[in-house]
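One structure is given below, encoded as structure tokens.
Chain naming follows the written order as A, B, C, D, E and F, and within any one chain the residues start at number 1.
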Amino acid sequence: MSLVAEILVALLLVMGGGLILIGSWGLARLPSLMTRLHGPTKASTLGVGACLIASMVYFPASGGGWSAQELLITVFLLLTAPISANMIAKAHLHRQGHGIDPNPADGIVRGLPRTPGGKDWATFQGAANDPAPDPEQVPPARRSD
Amino acid sequence: MIRRLLPHPALSVLVAVVWMLLVNEFTVGAVLLALVVGVVAPLVTSRFWPDRPKIRFGPDFLGYVGIVLWDIVEANFQVAWIILTRRNRDLRSRWLVVPLELRSPEAITVLAGTISLTPGTVTSDVSADGRALLIHALDVADPEAEVARIKQRYETRLLKVFR
Amino acid sequence: MTPAISLLVAAAVVLPAVMGAASLLLLRHRLDTSRLVSLGSCLTLVGIAAALVIHASGGTTESYALGNWRAPFGIVLVLDRLSAMMLLLTAALATAVMTYAVATGMDRKGWHFHPLFQFQLLGLNGAFLTGDLFNLFVFFEVLLIASYGLMLHGQGPQRLKAGVKYVVINLVGSTLFLVGVGLLYGVTGTLNMADLAVRVAAAPVGDQGLIAASALVLTVVFALKAALAPLHFWLPGTYSATTGAVAALFAIMTKVGAYAIIRTGTLIFGAEAGAAAFVAGPWMLPAAIATTFIGFIGLFAARGLRDMAAWSVVGSMGVLLSAVAVFTAEAMGPALYYMLHSTLAGAALFLVADLIAKRRGVHVDALTHAPRFCQAGVLSGLFFLAAIGIVGLPPLSGFVGKLLILDGVREAPAAAWIWGSILITTLIGVLAFARAGSRLFWKSSELEGEIPTRVLRGRVVGVGAAAALVAALGLLAVFGGPVTAYTEATATQLFAPQGYVEAVLGKNAGGRR
Amino acid sequence: MTMELLVASAIAVLTAAGVYLVLRGRTFPVVLGLAFLSYAINLFLFAMGRLVIDRPPIYDKAAEAYTDPLPQALVLTAIVIAFGMTAFVVVLALRTFLETGVDHVDGHEDAEDAS
Amino acid sequence: MLFLLALLPLIGALAPALAIRRGRNAAALAAGAVTLAALVVLAGMAPGVMDGETVRAGVPWIPALGLNANLFLDPLGLMFAGMILGIGLLIIIYARFYLAAADPMGRFFTYLLLFQGAMLGIVLSDNVLLLLIFWELTSLSSFLLIGFWRHSAEARQGARMALFVTGGGGLALIGGLMILGHIAGSYDLTVILQQRELIQASPLYLPALLLILGGCFTKSAQFPFHFWLPHAMAAPTPVSAYLHSATMVKAGVFMLARLWPVLAGTEAWFLIVATTGLVTMVFAAWVALFKDDLKGLLAYSTVSHLGFLTLLFGIGTPMAALVGVFHIINHATFKAALFLNAGIVDHEAGTRDLKRLGGLFGLMPIAGTLALIAGLSMAGVPPLNGFISKEMMLEEAAHTVWLGQPWVFPVLATLGATLSVAYSLRYIVHVYFGPRRDDYPKTPHDPGIGLWGPPAVLTALVVAIGLAPALFAGPLVDAVAEVVTNGAAPHVHLALWHGVTPALFMSVIAIAVGALALVVHGRLARLFEAMPLPRAKTLFDAGVAGAATLSRRGVNAIHNGSLQRAMAALIATAAVVGIAGFLSADYAGGERPGVPASAAAVAGWIALVTATGLVVLFHRARYVSLIYIGIVGLIISLAFAHLSAPDLALTQISVEVVTILLMLLALNLLPKTTPAETPPWRRIRDGAVACVAGLGVGGAAWAVMTRPLDSISGYFWDNAYSGGGGTNVVNVILVDFRGFDTFGEIIVLGIAALGIFSLLETVGTGASGRRVAAWKPDTVRSPEHHPMMLVVATRLLLPLAVAVGLYIFLRGHNQPGGGFIAGLVISIAILMQYMASGYSFADRRLRADHHSLIGAGVLTAAATGLGSLLFGAPFLTSAFDYFHLPLIGEIELATAMLFDIGVALTVIGAVMLALAQLSRVAQSAEKQPPLETLEAMDVDPSRTPAAAPTEAGQ
Amino acid sequence: MTGSLLPLALAFALTCISVAILLNLYRLVRGPTLGDRILAVDTLTINAIALIVVFGVAHGTQTYFESALLLAMVAFVGTVAYCKFLLRGDIVE
């Protein structure tokens, strides 16, 4: 393997490992779920991506076949990470909005910003073609809003 | 006939490319098989695609992809820096609302995904009428500027890609 | 193995599998065709098994190499006297039960009765034929999962509750099975039972502790299926909660456990196995004697006939395993005969109980007196005979079986205990069944009137199926000579496992690759 | 610290957890326990082929040693079977709960204490 | 001929059952004809037997057991067979006239003939095992006969009691006779009877003797087993007459006689048998005196006379045995006559209560005369046959020393004889003499000849033997005694007059005191009432009920149906037995060098243990434990990947997620928490069991992993490619070497899915239907069903996932992957659609019938296997070849691939069937299913017109 | 320098990922909300993918690629299912 390739692979690995660690460190240390979501969705994704690229560089450089399979994983992660984050955020909004294991650090209990259209966020109101929500169903924690 | 055989030509190409990436060998046989899979996989799953988004795979598309990839890398380092250095009480995390001009669910999803992957923002919800995104920002000094940046940098480009 | 015989051996497992799948695929909504196919499959299996028994009675053991891979690398099916006998027993029982199920229309009470039934037969036949320990596990699972489906057939709260217990405990049992198999593989490096026999015999002393442990863990698993105390808790509830036909079929399920104990105990952990030689015997014997007592004393705890049948299955397993646990050819022959008997007798009793329950309206099979019911005369006769069979009074095969066991174990150190348990529990059984029968049939004649019965399906054929099983007990006694000759020779064959090993691993073994 | 020690102790922990959970009174923890037992036994079976790192059971001209493929095949079969069984028992538990309104394994509240 | 004789009644038993359709006379005629035929056959053989020839017939039945169907007819057998058939014939005639029109006569005669056949079998058997069969058959058939009047509680209880006592004795007899056969080396009586020395010298003699006597004493109603006999009187009188004079109860005495040559003559024999007989004789006679029921009196007198006989055989001298043989005949004749007489009284006067009878002689002279003769014979009054045998008995008793006391036997024997005189006279006097009454329930008069004829025949015998014993009984008694004593019996000239012997004095005393006792009967009765005699029936009933209750309580306490208990028993047993097995043999530690663990492995281990601990600690919070358990599955997948098992890792990963989906689906309808209900001691107990099990399994794993392995796997390496055509050895093992396992495995999966389907198909009915209908979500729910982003993303993922599935499938034979994983991946891809876009959206678009997929999968796999049969190879033999195609290059086609398609189809079918069915249940639980109105996405701005927000916003 | 750099980088990356896994565990144990725990599992799975990839580089083998691919897919499906359950109780409706 050429020195350039080795340095490149090593750098990518160090970067990948570092980003992964930082992402997880963020998960561990940030104060609320919404802030914690940022760490893994970004840092970890890129960290994994870096490792994958390291792998992509490593195999051809070390005499193996050229491989783009790793790219596929990266694409897959880039495709799914926002959805996962969105779903976690929605679940969290829903529970916080209803005051289930409340964690005020996110500002959800204090009140989310209103939507410009007048309808609530989908998690609280559901489909556009649903009838208006029953007042009883309005999350108690958000009524003060 | 072609329409029935290739209900989603772009998807077919995508699947074929993915197949090539998977099998990881560039031979005639592999390409032929990739084409077959590219036809078959969308065909058997076409029933799950009731609507077909119209996408222009032109320079706008490539430009958008390039910008997003760059932003992802940049965003990651930004976030990493914040995680490593910023004390919790100094975090200016807040909610942003991005009103949307995009109407197609596919386009909105792409925008939302982009927002999540790029600096310090996570798309948390969409409004029930689909006209606004709820975004959580990790550390934002000026919310209006951030919303404007998102709309200008991503949404306007997406408006050109999705017709 | 001649081509014809190998075809028959393969057919014994392939036929029910294909019939099950076909009836699932093609006949899901066509009950009549399903029934024909199912019955046809059962009858064909009887024919196949009979041919195999005749062939096996020649005394040679033969192996069939699946996939044409030779043992111990591929999986082999092994035909010897024991496996042939078990196949025939299964097929005969299945035919009677299937006839009964079709005649009484119980196959319509839920989904998928016929595919499940065929898959159950597949599991049983596979378990009896396979010469590979892990494959035995797989077929145990096949027969168990099919039995879960059959056990729950028709559902209802009681059955569901009992089903949960039955399923869960067997799942834990399956886990234990894998512990035993895995340990044995980890120590010996093989899974083929004949090869295991060779390797266990040749194992260094330092490995014998682990081998003995695996032998005992496997025995615990098999004993769970065989309802050996204290692993019998699941049985009474399960058997009395399911439909009569299924319970009757389940009479063979406990025997699978006994079969596996016999097979592994004589082949792998036989005389040559060093510290593991017959290591299960000393543990099993007291447990078996306790099981005998528990089963027959349990008859008094029964609230209904089906309960009684279930307890008597426990009791008869105790008797059977008492003889097995001695691990001598003299006792094994009688045990095998008793196995034939107790399977048929248990099944007969379940069918009779079911017939009675169906005719007593709200009283079902409860041991209370209630007005006369339809066909009471013939059913009381069948009950009397089935009870005689189960308890072991003459002239049916139960008595012969018990005499055989008493005779067979007389040289065993624990002979007095076995004798005592068998004789005393017979008396307990007599008393319990006399009480039950007198209450059901005699005391009820004090009451006026007759229970009106809805249009009953299977008045003749259903009763006929039960009667056929009872008649089989008689035939088993009348033809006790040839049958015991077969079982005696089977026992001899079992205690000379070199023949089995040679058939599987020797020059003439199957498998060209 | 060897892998053998880690794997053996993991098997022990998983088994213990599984056993503890299958001894609970409600169907749901029992199902969890079965899942744990299944994990434990899969690892156990696998371990019976001994532990080998980076010698996958696939022909490779470069490799001079391989792992034992047979236990892997056995574990695959065991996983599939355990999956089928778990699915069945989960549904059975649910069905029984819906039928009886009780999710106790004995079909009623604690029988063992009642006696 | 002997077989014919033995089988005639048994087979003939069918005749009355069949003949009853033609009427009661036909049934009786059939029964009588059968008996008569047997009697004729017997008569044909009698001369030969009397000449000392033993008629034999035999076929081996179960040689393995030594159970031979060997019959022999010697004088002892002849005597008994004659009584059984002769008295049997009389009883049949009598019963025809005795039984009421309502009684099911066909059944009665069938039972009677069965019983007759069983009795014949006992006396003809030359094989003790065969004899045992008949012995127990008498118990069974007598059970049916005693319980004949099933509506009567006494009949039922009497029948059960008889069955229990005599059947139980029979079981003891089984033990005894089998020991005897064991000692003698054969179960054939002829052989056993030659082995006196061997038997009496054996250490097993005493156990055998005790067990055999257990059988004899119960059958012959010896004290303290006598209590069943009086209760058996609930049977119709013909039955009583038959069972208690000549047959059933004599079976025990028969056994004493039959085995006399090998068992008698020892101290133990004498002490047990003679003492029991003596006690029984006196005790029962005393009780008989105070029985007011005619049949009760006769029952106790029977017990007494059986004691009499037992005593005689117990004394152990040949002469005593000879007297026993003689008295068997005499007792049969007078006792049968008396029973029949009691039946006549009952039939005609409508009562059997001595207190309500009296003075019947004038009304019923024939019956009275017969009773007088038979009764006096029973009393031992000359010149009747009872007198002769009683005299001879007293003579024997007079010479018997009991434990060094010469007075015991004479005194007690005389007392017995005295009481016998008393109750016999009471029978005669209190029924037939004294003042005539006007309060009989019926108007008594002599019955027809059908009823008095049979007793008359017997009474004639009583007189005949009494007057000319040497003529009518002499040769027979001689011959029988010869057999019983194995030739030791003296030749005695039976005669009425024996001269002035001690016995004569004893007789005179007995008759005088007995007559006196009748005079003071009233006072004696008060004395009897005052004596607290344990009531056997009460004791027996209480005993049985107590035992039943006790066993019910005990059994129910142990078998409370608790799965937890069963589970604890299973696991504890496995742990204890397994560990004990391990410790019982040698163990040597392994030498295999360990694999060093990396930091990542340690981190994984910590994660695994932490997650496991979290599940155990927080298992009551069900949802969160599902999150925790996800980690466990993940780490195990990683471990597989790390430890060179990529296929396993793939499988574990995909199975894991499907399992989690399944559990979440189920949890939706289940309670979300587990109540805290286990007491601490149980948790500690369970924890201890868990730790032992964990240590056991973990320890075993450690022990194995640290030793080297010599496995068969080398063969797989050598042949996977050349013979199986694949480079992924695990896959080749799965689809080829061990394809049969996989075949079974997919069937398991298919059946599981079928089971799930069957379980859930009925969820909408019955109790569960009501529960589902009343179901309310127990969590706060967001109104949004199908989030937009999720829907869009999963649509894009679907074709990609399908491509991945195909890829994994195609390469499985050579690289990690294969049909099972591919099937799961595709299933997951489809399930993703179900989750994101909803059940109805996905289900409508997925037109596959899951059942058919399973069936097709199994059939494909089976067909692949069967294909090889066409080429003469065994089931599941694989084939593969490489083909060179232009442009594409070399491709491999293998049947294993086809097999794998079967696997994949089954997996998809099973997973989809199970999960779709499960989610369908949740759908039916929703009150207002929003499915039909909603599109896949809840939020879809492209559907909403531009102006909509402001309108909808208000 | 060739030959020692890569092992060092690999060791560094593996150590980082191992520590990251422990940090995920910390979040899993601490919570406090269910969302945190789901996120912890999701992140742990992503980290596991990295672990497999780095492991593949360390051993010079691509045999484990599919495991990583499948994990990516499964992490997504699992997370969605967990969240859907919290939102709706019913994950398929």
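One rule holds for everything that comes next: a contact is a pair of C-beta atoms (placed from the backbone, for glycine too) under 8 Å apart; a residue touches a chain by one contact, two chains touch by 3 or more.
What you see is a predicted model, and the numbers here were worked out from it, not measured in a lab.
Chain centres computed from CA atoms place B at the largest separation from chain C. At the far end from chain E, in terms of centres built from Cα atoms, lies B.
Geometrically, the chain at the heart of the complex, using CA-atom means, is C. The chain pair A-E and the chain pair A-F differ in C-beta contact count, and the higher one is A-F. With centres set at the average Cα position, the gap from chain B to chain C is 62 Å. Centre-to-centre separation between chain B and chain F, using Cα means, comes to 22 Å.
Put simply, the C-alpha centre of chain D and that of chain E have 38 angstrom between them. Counting partners per residue, chain D has 18, 22, 27, 30, 40, 44, 47-49, 53-54, 56, 58, 70, 74, 77, 81, 84-85, 88, 92-93, 95, 99-100, 105-107 as the residues that reach two or more other chains.
Touching of two or more other chains is recorded for residues 18, 23, 25, 37, 39, 45, 47, 67, 69, 72, 76, 79-83, 86-87, 89-90, 94-95, 117-119, 122-128, 130 of chain A. Within chain E, contacts with two or more other chains are made by residues 561-563, 565, 567, 571, 602, 642, 646, 667, 697, 700, 704-705, 709, 711-713, 716, 737-738, 741, 745, 748, 751-752, 755, 759, 766-767, 782, 784-785, 787-790, 793, 797, 800, 804, 815-816, 938-941, 944, 948-949, 952-953. By the contact rule set out at the top, the touching chain pairs are A-B, A-E, A-F, B-E, C-D, C-E, D-E, D-F, E-F.
Here chain D touches chain E in the complex through residues 1-32, 35-36, 39-40, 42-44, 46-59, 66-70, 72-77, 79-81, 83-88, 90-95, 97-101, 103, 105-107, 109-115, going by the rule given at the top.
Across the interface of their complex, chain A is touched by residues 1-3, 5-6, 8-10, 12-17, 19-21, 23-24, 26-27, 31-36, 38-40, 42-43, 46-47, 49-50, 53-54, 56-57, 60, 62, 65, 68-69, 72-73, 75-76, 79-80, 82-84, 86-87 of chain F.
Considering their complex, residues 11, 14-15, 18-19, 22-23, 27-29, 32, 37, 41-42, 44-45, 47-51, 100, 102-106, 108-109, 112-113, 123, 126-131 of chain B touch chain E.
On the side of chain E, the complex with chain F involves touching residues 598-600, 602-604, 606-607, 610-611, 614, 623-624, 626-628, 630-631, 634, 637-638, 641-642, 646, 649-650, 653-654, 656-657, 660-661, 664-665, 667-668, 777-779, 781-782, 784-785, 790, 797, 801, 804, 808, 815-817, 821, 825, 828, 831-832, 834-836, 838-839, 915, 919, 922-923, 926, 931. Partner chain B is touched in their complex by these residues of chain E: 784, 787-789, 791-793, 795, 798-800, 802-804, 806-807, 811, 833, 837, 842, 845-846, 885, 887-889, 891, 935-942, 944, 948-949, 952-953.
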